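Below, chain A partners chain B and then partners chain C, in two separate complexes.
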Partner chain A sequence: MSSTRFDAEARQGLAMVSPPLIYAVLMLAAPLITILAYSFFKDGYLEVIREFTLENYRAVWSDPIFHKVMARSLGVAFAVTLATVLLAFPVAYFLSFVVPPERKALWIFLITIPFWTSYLIRVFLWKVILGHNGVINSTLTSLGIIDEPLGFLLYNVQAMVITLAHAYAPFAILPIYVALEKIDRSLLEAGRDLGESRLMTFWRVTLPLAMPGVIAATLIVFIPTIGDYVTPELIGGGKMPMVANMVQANMLALDNKPMGSALAVTAMLIVTVISLIYLFLNRRFLRVKQ
Partner chain B sequence: MKGSGLRAYAIAYLIFLYAPILLLPIFAFNSGTIIAFPLKGFTTDWFAQMLANQTLRRAFTNSLIIAISSATFATCLGVFAARASTRFNFPGKTGIMGLIMLPLVLPEIIIAMSMLVVLLAIGVKLSIFTVILGHTLICLPYTIAILSTAFNSLDKSLEEAAYDLGETKWSAFRLVILPLVMPGIISALLMSFTISLDEFIIAFFLAGNEPTLPTYIFSQLRFPKSIPVIMSLGTVLVVMSIILLAVAEYFRRRGLARTGQKDHGGFL
Partner chain C sequence: MTDTTATASATKPPAPRKAKSANRYAELQAAKPMIECREVHKYYGDYHALRGINLTIREGEFFSLLGPSGCGKTTLLRTIAGFEDISSGVVLIDGKDMADVPANKRPTNMVFQSYAIFPHLTVAENVAFGLRRDPRSKAEKAAAVEEALKMVGLAGYGKRAAHALSGGQRQRVALARALILKPKVLLLDEPLSALDRKMREQMQVELIKLQRQVGITFVLVTHDQEEALVMSDRIAVMFEGQIAQLDYPEALYSRPVSRRVADFIGVMNFLPVTILSEDAETVRVDVEGLGEIDLPHSQVAAKGEDDEQPMIGFRPEAMSIFPEGQPQTAPRQNGAVIDEVVYYGDMTYYDARLDEVDGTLSAPVRISMRNVFGRDIPDVGTRATVGWSPSSLILFR
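And now, the complex of A and B:
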């Protein structure tokens, strides 16, 4: 039995949270459940037949194109995540340990500005840089270094990885920085006092304590990257679809909503399973209490 | 000197982050029709063409309406959620807040596609209104993140003092709490305005035939001859974002100062 005071508080809290909750249920939960339901329905001409079937999933799982697209999406997302997190760590470390406290806000502001400026423009700029008549090619041609524009710069997986790694770079810094800020500095002094070298202190004290931030950064980059639509469209030239493009093509161009839904649900499941395995493998770092 | 190598690396990293964006103003003012070095000469023609373009004006008006509406709705809903999660305990709190914050980690294409399927199924016509619905949803978690910090820093005894002095729940909220969280509210408004203004995926799928600035940009990318105008448009957008963010940051810091907190830096 809970006390009346708790009941009153619970009622007030629920009343307070109800407007955003109702909005999220209508605009987020209901559409997601619809997608889930559609993935078990049959596709008819111009309409969806409400009849339970597992056919869509069978088709998705046995489709060699889906295998290829999913493998490409995973490959790109892994490469982008690895690059962003490795490149971000020293910056986060610098922010936390070297920058004086009164300058920190300015540095963070500078790093987060590109994060908030149009993602589409940042992707498009890479197309401008790498394109057939782009900055690199036309500059090299006008300088007489090459005769023909280089064709291998754009429309391939490497170009997509560069673009995405650049677009998501700031995402990785903040979680790692926050984890580093939480580390009790006296632990590091203790490490040094007990005769550890600077490097060993970093390896045995700083890094394990920073791991929750690194893990968060990995997932923050990995999840949106794998669902990216714009980069394969612009930088991949539409010829290197990732899973988001395949979902979109099935939903709209092919007008097969059950199939598109099954693809979306499958992709989300794969991402969730990978994230959970990753969290499980790193569980010993997440148990650390600050 | 301690950390000089790290400092050099961090500066190089910043240059890498900003280098592509710096191309925008360079080519927006370059008189050459192709985007290439060496530069030809200085011109403001592209900006003039941009201002004269009717579709672009329409896209700009649409984007403005969408961004103002979404920012307002998201911030209003965010106030409720942030207040509820910082002040009250209620059953299912983790799950409820988890659902509301979910768009933060969900790829936008999933949100856009699932909303599109439902809107088409119930026969809602796609327009800027449907984009507002989507943008409100994705801005909401950001406003909650900002507003929670603002509400968290409130001293509960101030509110109790107001009750003791005979204020009602509503008047205490209006006279005591609201002024204290006002910087947070302004910061949340500006932040969601910026997000909505720049957002592409949801606008692309939910706007029907109405252009917004990002979808207009996307539609012009196929035509090499419109790239210089897009460069000048991009310059304007980036400058607008930076100004809005700087103002948002100013209000966030003022909010921290008003409630006597230490600045830890950063929006999230």
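And now, the complex of A and C:
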């Protein structure tokens, strides 16, 4: 009896989620399948020859430029993730433990304000801040601290990390905040009651219990940054391409869709493998030792 | 018992009663003070949560803070644990002023209402949590953990994940985790309120046994008067941030100092009275339904709440009730009408109204009788005879 009842409920539930589900799957699957198919096709002059080949992948894996660009993408993504999560944790902690409950909604609202302007504009603003005649350089010059504008502020990896870390901060703050909110406050009192200082209680109780949020934040920041296109284009000044820029160049400028597709699929595979390894390591080792 | 509270000392501490606990009371009275609160006040902004708490809890005592929610009992417990700073006053534990001692340095441990079992640790890791700085070897610590688990009836559970435990098991883990540190005082914040009735009654007995076994001072916060009566050596009844009465369970039940305490502890019947006269020995009253009675001053509650109608109070078991016409041995007897009969198996509760002199009926009173095989239970709507003794009445004025 109960199983038929459950079936009825399950049917009802499925009926309710299926329209958005079908929409989402189609919109996600269709381009993915297209890209996957293209990556196995041959490239002719001005057209795509629909014959199966592994030549694109061979070319990608043996291309030293791809190695360099992929390594840069990974490096930037790692640096951005590390900086974002490390900076987001104190903010999330403050939000969860210090801000009085009736103010929390306001604070979360304030944290999401950067989303009111488009990503593109925010990236541009960083260009304004870091540029040759930008805010920092002109301020320092007018204060007489420097004579020449600093050249190392823009068009390099550090500038890209700063921009991306700022752009993804809310994505890191919110999951960590949610994990901290879920911690029963009496657990922290219990930690103190059992003889531990505030710091040790944080280390032995708060941090381990916040780890699910930290893991979520890490992946949410890492995965999109590795494929970011706008920041390398504007802040990197085109001199520091990441993998998305390379895909774009192949797809449009070089009109080599199979090659661009193979690059995209390869990058996707690398991200997937790294994420899985990260999750696995977490499950195995990242329990705080007692 | 010298500095308990002003209100408590108003009723004389009764002579320790009977075989069950006379020795224990004598021992506890001789024991050194473990917790002393002197004029403890606590404000949350404008809210005056604790209003001058004075009490002394002795070493090895099972002490309960009893009161309705919001009376300040949990605040007082958290004050002793060091989770709340006091606004003024002094808290001493084992003779030391706790003013500058943080929670993690106090010789107290707490069993939280939610048990606060660390969900990311196993049972054994939970119990061993406080042993980090313990100089003993790993093997010795593991043995101590196993011993503590055995003490609370969880031998062999060490490897289990904490989140897979039932409510009763969590509670035992919380106890083991606190007791393994051998605190001078164990604080229990409504530890049994989340358990079902049967489990709760079982844990009450186990907690008493455990307390006798380890000899540590237990301070229990509860809103359940029955739980407090069952478990405690002494009970402080709190209302609105003040101690209304601090006494032995028997004294609290049989000689409540105010109508409010009487109403909070168990069931108390109230009948309005007129005070006729008063002399050095007795107060003469006219009780609705019971007639004129002389009550010695020992049966008069000291504290009168202003402008209230004087009342006589008695417990349901202070009266007996039989079908009309059956002979009774009680010194005083009245006619009554039975409005309601509630059968509990071992007991029956009757709601009855007593005959007035002028032929009307009194306000309803509740009378309980232990059921005896072969004795008739009077029916609803019939007349009955109620037997009682003036010595079981208390005058609140």
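Everything that follows uses one rule, which is that the second predicted complex is superposed on the first by the 249 of 290 C-alpha atoms of A that agree within 3 Å, B and C clash if a C-alpha of one lies under 4 Å from a C-alpha of the other, contacts with A are read in each partner's own complex, and residues count from 1 in each chain.
One rule holds in what follows: a contact is a pair of C-beta atoms (placed from the backbone, for glycine too) under 8 Å apart; a residue touches a chain by one contact, two chains touch by 3 or more.
Note that the structure is a prediction, hence the values are computed from the model and not measured.
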| item | value |
| --- | --- |
| Greater residue coverage of chain A in the superposed arrangement, chain B or chain C | B |
| Which of chain B and chain C A:Arg192 touches, first, second, both or neither | second |
| Partner chain in contact with A:Gln12 - chain B first, chain C second, else both or neither | first |
| Which superposed partner A:Ala37 touches (first chain B, second chain C, both, neither) | neither |
| Touched partner set for A:Ile270, first chain B, second chain C, both or neither | neither |
| Partner chain in contact with A:Leu279 - chain B first, chain C second, else both or neither | neither |
| A:Val205 touches, of chain B and chain C: first, second, both or neither? | second |
| Which superposed partner A:Arg122 touches (first chain B, second chain C, both, neither) | first |
| Chain C-touching residues of chain A, taken from the complex the two chains share | 184, 186-187, 189-197, 200, 204-205, 208-209, 287, 290 |
| Touching residues (chain side chain C, partner chain A) in the complex | 81, 83, 102-105, 108-110, 112-114, 116, 118-121, 125, 128-130, 132-133, 177-178, 181 |
| Partner chain B, residues of chain A touching it in the complex | 6, 9-14, 16-21, 23-25, 27-32, 34-35, 38, 87, 90-91, 93-95, 97-98, 104-105, 107-114, 116-122, 124-129, 133-135, 137-139, 142, 166, 169-170, 174, 177-178, 181, 219-220, 223-224, 226-230, 234, 244, 247-248, 251, 257, 260-261, 264, 268 |
| Contacting residues of chain B [partner chain A, same complex] | 2-3, 6-7, 9-10, 13-14, 16-18, 20-21, 23-24, 27, 34-38, 76-78, 80-81, 83-85, 87-91, 93, 96-97, 99-100, 102-103, 105, 107-111, 113-118, 121, 133-134, 136-137, 140, 144, 191, 194-195, 198, 200-201, 205, 214, 217-218, 221, 224, 227, 230, 234, 237-238, 241-242, 245-246, 249, 253, 263-268 |
